[in-house]
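What follows is a short report on a single structure.
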Amino acid sequence: MLELKEKPAGGNVARDAGTGAEAEWRGRLDTLYARVRGDTEALAAPLSAEDQTVQSMPDASPTKWHRAHTTWFFETFILKPNLPGYQVFDEDFGYVFNSYYEAVGPRHPRPSRGLLSRPGVAAVTDYRAHVDLAMHALIKVRERDVADLVIMGLHHEQQHQELLLTDIKHAFSLSPIDPVYCEHERAPETTTPVAPVNWQPLEAGIHEIGWREGDEAFPFCFDNELPRHEALIRKVAIADRPVSNGEFMAFIEDGGYRRHELWLSEGWATVNRLGWEAPAYWRRDEDGWSVFTLHGRKRVDPNEPVCHVSWFEAAAYAQWAGHRLPSEFEWEFAAACLPAGDALPDGPRPHPERLRPGMRQDVWEWTMSPYSPYPGYRAQDGAIGEYNGKFMINQMVLRGRSCATPAGHDRISYRNFFPTDARWQFSGIRLATDL
Amino acid sequence: MLELKEKPAGGNVARDAGTGAEAEWRGRLDTLYARVRGDTEALAAPLSAEDQTVQSMPDASPTKWHRAHTTWFFETFILKPNLPGYQVFDEDFGYVFNSYYEAVGPRHPRPSRGLLSRPGVAAVTDYRAHVDLAMHALIKVRERDVADLVIMGLHHEQQHQELLLTDIKHAFSLSPIDPVYCEHERAPETTTPVAPVNWQPLEAGIHEIGWREGDEAFPFCFDNELPRHEALIRKVAIADRPVSNGEFMAFIEDGGYRRHELWLSEGWATVNRLGWEAPAYWRRDEDGWSVFTLHGRKRVDPNEPVCHVSWFEAAAYAQWAGHRLPSEFEWEFAAACLPAGDALPDGPRPHPERLRPGMRQDVWEWTMSPYSPYPGYRAQDGAIGEYNGKFMINQMVLRGRSCATPAGHDRISYRNFFPTDARWQFSGIRLATDL
Amino acid sequence: MLELKEKPAGGNVARDAGTGAEAEWRGRLDTLYARVRGDTEALAAPLSAEDQTVQSMPDASPTKWHRAHTTWFFETFILKPNLPGYQVFDEDFGYVFNSYYEAVGPRHPRPSRGLLSRPGVAAVTDYRAHVDLAMHALIKVRERDVADLVIMGLHHEQQHQELLLTDIKHAFSLSPIDPVYCEHERAPETTTPVAPVNWQPLEAGIHEIGWREGDEAFPFCFDNELPRHEALIRKVAIADRPVSNGEFMAFIEDGGYRRHELWLSEGWATVNRLGWEAPAYWRRDEDGWSVFTLHGRKRVDPNEPVCHVSWFEAAAYAQWAGHRLPSEFEWEFAAACLPAGDALPDGPRPHPERLRPGMRQDVWEWTMSPYSPYPGYRAQDGAIGEYNGKFMINQMVLRGRSCATPAGHDRISYRNFFPTDARWQFSGIRLATDL
Amino acid sequence: MLELKEKPAGGNVARDAGTGAEAEWRGRLDTLYARVRGDTEALAAPLSAEDQTVQSMPDASPTKWHRAHTTWFFETFILKPNLPGYQVFDEDFGYVFNSYYEAVGPRHPRPSRGLLSRPGVAAVTDYRAHVDLAMHALIKVRERDVADLVIMGLHHEQQHQELLLTDIKHAFSLSPIDPVYCEHERAPETTTPVAPVNWQPLEAGIHEIGWREGDEAFPFCFDNELPRHEALIRKVAIADRPVSNGEFMAFIEDGGYRRHELWLSEGWATVNRLGWEAPAYWRRDEDGWSVFTLHGRKRVDPNEPVCHVSWFEAAAYAQWAGHRLPSEFEWEFAAACLPAGDALPDGPRPHPERLRPGMRQDVWEWTMSPYSPYPGYRAQDGAIGEYNGKFMINQMVLRGRSCATPAGHDRISYRNFFPTDARWQFSGIRLATDL
């Protein structure tokens, strides 16, 4: 999957299409399609039929649903309108595997996805094979206009790859028997603490924000990263790394979860209603804090980034620390102009690495920016336009990526978004401070 | 399984134990154990791993949970205290598969059974094999005091066999694709309507009610059928068969679900809150009424007994018909003294047969009797005493059996019980009328 | 109001009507009407307009609603059909003050009664005056057939007098400032403990139960006390007084609220869901138990009857004590044949007196009998038939009376009924024991 | 109350304090205090004790609570710390009338304010008199540092004056009898339609936003209007008046509430969950649309501004109209530089006037700006700092004022804020359009 990012596949493939060696772009798109689709199957491979069926909360979905819904996306938006003679695999699947596209018609209610034992895992595998065959056929014959849609479908599938991991993690975390998604050989916990934060000042002024047309490094973007536009950046410095578990433990020990003055009103109500006293998946036992991970339960490592915190917790932590969260513009501008830092291995991986400096980290980073449209934003026409725009209210922007983000999927203009109480994503905290 | 009923195995096995040919009762108990346990597996056989995992509501349980819980019952109440050296299969299972026995310790919350993908179906199969091996060993060596417990465990398992069917029926009914549990060759729908009800008068007076010690036909009972005691029966006649779908359709057509005066206050509130306008699983379409069954969706057959009605609906129907529900004493006395009627095939079967006269029918029959202890009732000591007594409030008694009841499990003193709004059992209506 | 009981007014008035001195029964009915209606106003007198407006839960109603609803009852069921030329006070009131009579038409939703600031208290007072004037006119001219309805309306009003007290007690109990309904000069708390229970054996056999036509002592009954019928009484003894606060404290100290084996399953769930650890209105502070009463907060007196317990708590206490609750038939038979015991002052009073032996006590007594129709029960025709019968499910019978019951309202065949988790009535416990 | 705005009382009073004629500023503050406090009483005057007691939803509060809470604010934040020897009126009131100040201690739960019949309306009146006496004494003797707090307390009270009207409107709207707060002589409905919208272009560039220190016209601000800072305004035109009822009816007639493509996802879910099909308080009957107002129910006037719409409805309407909502910066810049338009009469008034051009209207105007802190925002220290900052999440900014806003309370930098589904404020819509 590195190709998507390093050899600028993605949009570049599409862009090459009309011009250069036709066989070449078709071949590259075909390979890319096979690779991304295969990655999904590799992520599902450790999961039994039963594992792939359960749904632990309305926000999460069963693994087999992720596998089928991404397939339905290709079938509905690409094959049906663009491949003459395409035979729909099963007419019922449109109802069962539509996520939220109102324009495509009614659909199975989201909170009830876990009640559907059928179609089973084997049928979903057949569905994927059926659609893959047709997609390879389509890639061989259709013109470049469809290539853009294929690339979008692949990025859509990559988003669901990340959700596949976070959703099964949530489901497993509710089990009394601490299931293991995959074993992991880990280096012994280091005793060297992570280096203190370095504050990196940003140059104040008007800067351009948003995806840049023709960007070689990031040849694709979603519509919510557009249009590129000017933003005012004030005098601010940004931390060179996210907050660590060790730092967050100090917040807990200092009564962070019991001091109302650190919290926004709705956050304080949430803390008390849900009984939060630590990040999600943490548990205090006689030996201190343990945490449930996709590798099973383990001790909390103070040198890993704090993770699975809600926006409310991120904001309270920042208040406690005497700083604040960065805006998404500050974050993007920092990512564009600050040194890259140590390279982390490509994802998706089931758990964050220990902290090192840099903007490209293993946890998504909450910003202080509500998820709003950029000035002049326009959603695409038709059902595909329901992709991003209709969620632009009552959510906050996260920037960066996480260990669970597939290689080639992230970019500095990428806008992730979740409600302020969501904790099941790999979400962490980076601080900023006014100068 | 016929043996349980026809050759009075069950409790007889236990009773023979001390007296007669020892090898014989051990052999018969061993055979009986193997047969009942095998029946469970046969019922689960048409269900995939995914099917066995889902839970559609807190009152229902996943198939694999039924398979494991019944096994846990043998392990916990029989093997652990009675088989020296028995190795518990997995210590975690006690937490996962305890249903409601407070005395045995904490347990996984009932509404979350469907979130557990692990232990998986294969692990449950291994668990059953492990316990079966130990049970066969125990039956070979232990004295007759344990035989009673084994028999009780088998009746417990038969109860869960019936629930296995009703629970998967409920889950499948929520699917948009109408899954089929098993195909069924059905005779064409008859055009001959079922014969009108014959009213059978009962002899007024003081009659004995409850399980009779030494009853050859029904050698086992649960504690809630005891003690046998006197009851006053007044002048009443009882219908010779349950209410048919055709008769219930007349109630619907006559506005039965929209006429408050036919309903108890709480029933009327329930009808309006849940939007009931027909029995569960019925759907009105352009051709009239169809119904979801374990054989798939089909037309409602007017000659089958009405089924999947709540107590509220049974009471409203009786009010509409100008009669009433029988008391459980009237029902039991009628079953004891009236002619048996046509024999129905043994269960469990996935769907009721067409109606014929008799007290032993294919639907459980709601009575007007609240589920209360008999005079002098005492629960057994210890955890096993939590079996029946602790549910004796806010439920109504059903008598008889259903198509889903395993052969050998029902008897005329049997007391089934459910809350007044429950509809997912095979529950129907028989009328009585004061003389 | 003594007249209702002592001089057998009530039904006797009605019975006399056709026969004897006409002026006399009219005069007595007129006086009785004035007295009962005046009693309601006296109970409301200590309550401000604000007090009369609040509703603390869906089961309770505002004082002014009780005052107006009882008035609406006379207007709707007596004046409109029977007094030619009667002018309805306000057409809107039918919607606002109908409680649950479906046959009379739609009505304001019960949980929202506390949102209605208008009609105000003064308008309700005018409404009562308007209807009273018309009622006195009607009593002067109509024949005896209406007298029965008037008597029923007065008993209906007396029921609401009791609810008026229990409902405002519940509302006041939620206030942080412990409002006082009325001050009370109380004798100092006695240090002499109440005498131990005496068990009174009942004669086994078939006995008649239900209101007896022509009973001079109790000339009126509700339809749920009919028909009088035979019941089997087994060998049992009944306690000569209810359980005291002191006895119930021993249950608490012995872990009664934390021992699952004492509770029915639904009761145990209720205890844990609602966090019960004592009767309603009790609070443990540094000095022991205090209790909120209509006289304000005071120490729990060990010699008063335990009060404001649910049926679940009554059943758990009986289990703990090694006895059981009486059936409603046992209770009625005991009340009919056992010595009356010390006379308590007539009600309504805001708080129970200390215990003394006898069946006529200051707390309603939970029985083990579900609220079911008597054999051959028939509700009255029309809207008035919605009075009792439609509630005959999922409730338990209480017998006796309470301090809040108006004089002349109780009788030994009286059947009160509430759901198993209700605690806001003056409900206590009397034990029975099998012999 | 005009004085607050026209003669720059408010903050000017405070500013004068140290410098000029001491007697003068004290006298003016004293007069101002008396006037604002008297305005509250005038608003409550048409409401009975019962009216002042009810609470129709957790977001709203009883009238008497508003009257007492504003009084508690003066007592707690001004009198107790600043007036030696001040006697607290009632120690319990701190618990009962604290709204949300965590730092001041525990408080009565907000959704239960309507359960408190005591303290009654008369006690609240006494409380106000007690505090007013002390406040007048304090104003006579304390130095100017307290004047700022007094001014803030008065602005706080004015906010509650507006809520008093919106809250009682909501409560009355739930009544089946359409209560009237006050009668109103209205001119006959005009047949001349309101003039079409004029689009007023704004000058693009960097402009200053936020309250300006030393502003003579608006001598006071809340902390959320600070600090004044630069903002980028893009090329945009803004409508010269809000959307009218007539225009909104066209949206309804065009299926606006049934077309998912016009709504954000959460808005669409809200429409369907709550069954919205028109603004709050509208009802369609045989003659078209009527609306519940504080003057009673009347026909919807197409020339009034549409009102009681949520942010979701405002955004859907803008989508339908092909425009968008303005940002709060665009709104403030427009208000600063565009012509004032026709003067509307001062508030508070119970209902909006018909539309005329201008930025100072009779309905609050939803913007597309989430309620976030301005760059460099700092809340005040201590409990008073809980005033605004802790609500800065998941709410949207409204600008302008409404008919219910007291004279002297609004200013162009004022930031009102409510959640996206709130409809009980006088909230309307103004459009903007990109150029």
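The first chain written gets the first letter, and so on, giving A, B, C and D; residue counts start at 1 in each chain.
Definition applied: a contact is a pair of C-beta atoms (placed from the backbone, for glycine too) under 8 Å apart; a residue touches a chain by one contact, two chains touch by 3 or more.
The model shown is predicted, which means the values in this text are computed figures rather than measured ones.
Using mean Cα coordinates as chain centres, the one most removed from chain D is B. As a whole-number value, the distance joining the C-alpha centres of chain B and chain D reads 61 Å. Mean C-alpha position of chain A lies 48 Å from that of chain B. Between chain A and chain D, the centres computed from C-alpha atoms are 39 Å apart. Within chain B, no positions touching two or more other chains are listed. By the definition of touch given earlier, these chain pairs are in contact: A-B, A-D, B-C, C-D.
Of all residues in chain D, those touching chain C in their complex are 47-56, 64, 92, 95-96, 108, 112, 114-121, 171, 174-177, 179. The touching residues of chain A, counted against chain D in their complex, run 100, 102-103, 206, 230-232, 234, 260-261, 263-268, 311-312, 315, 368, 370, 372, 375-376, 386, 390-394, 420, 434.
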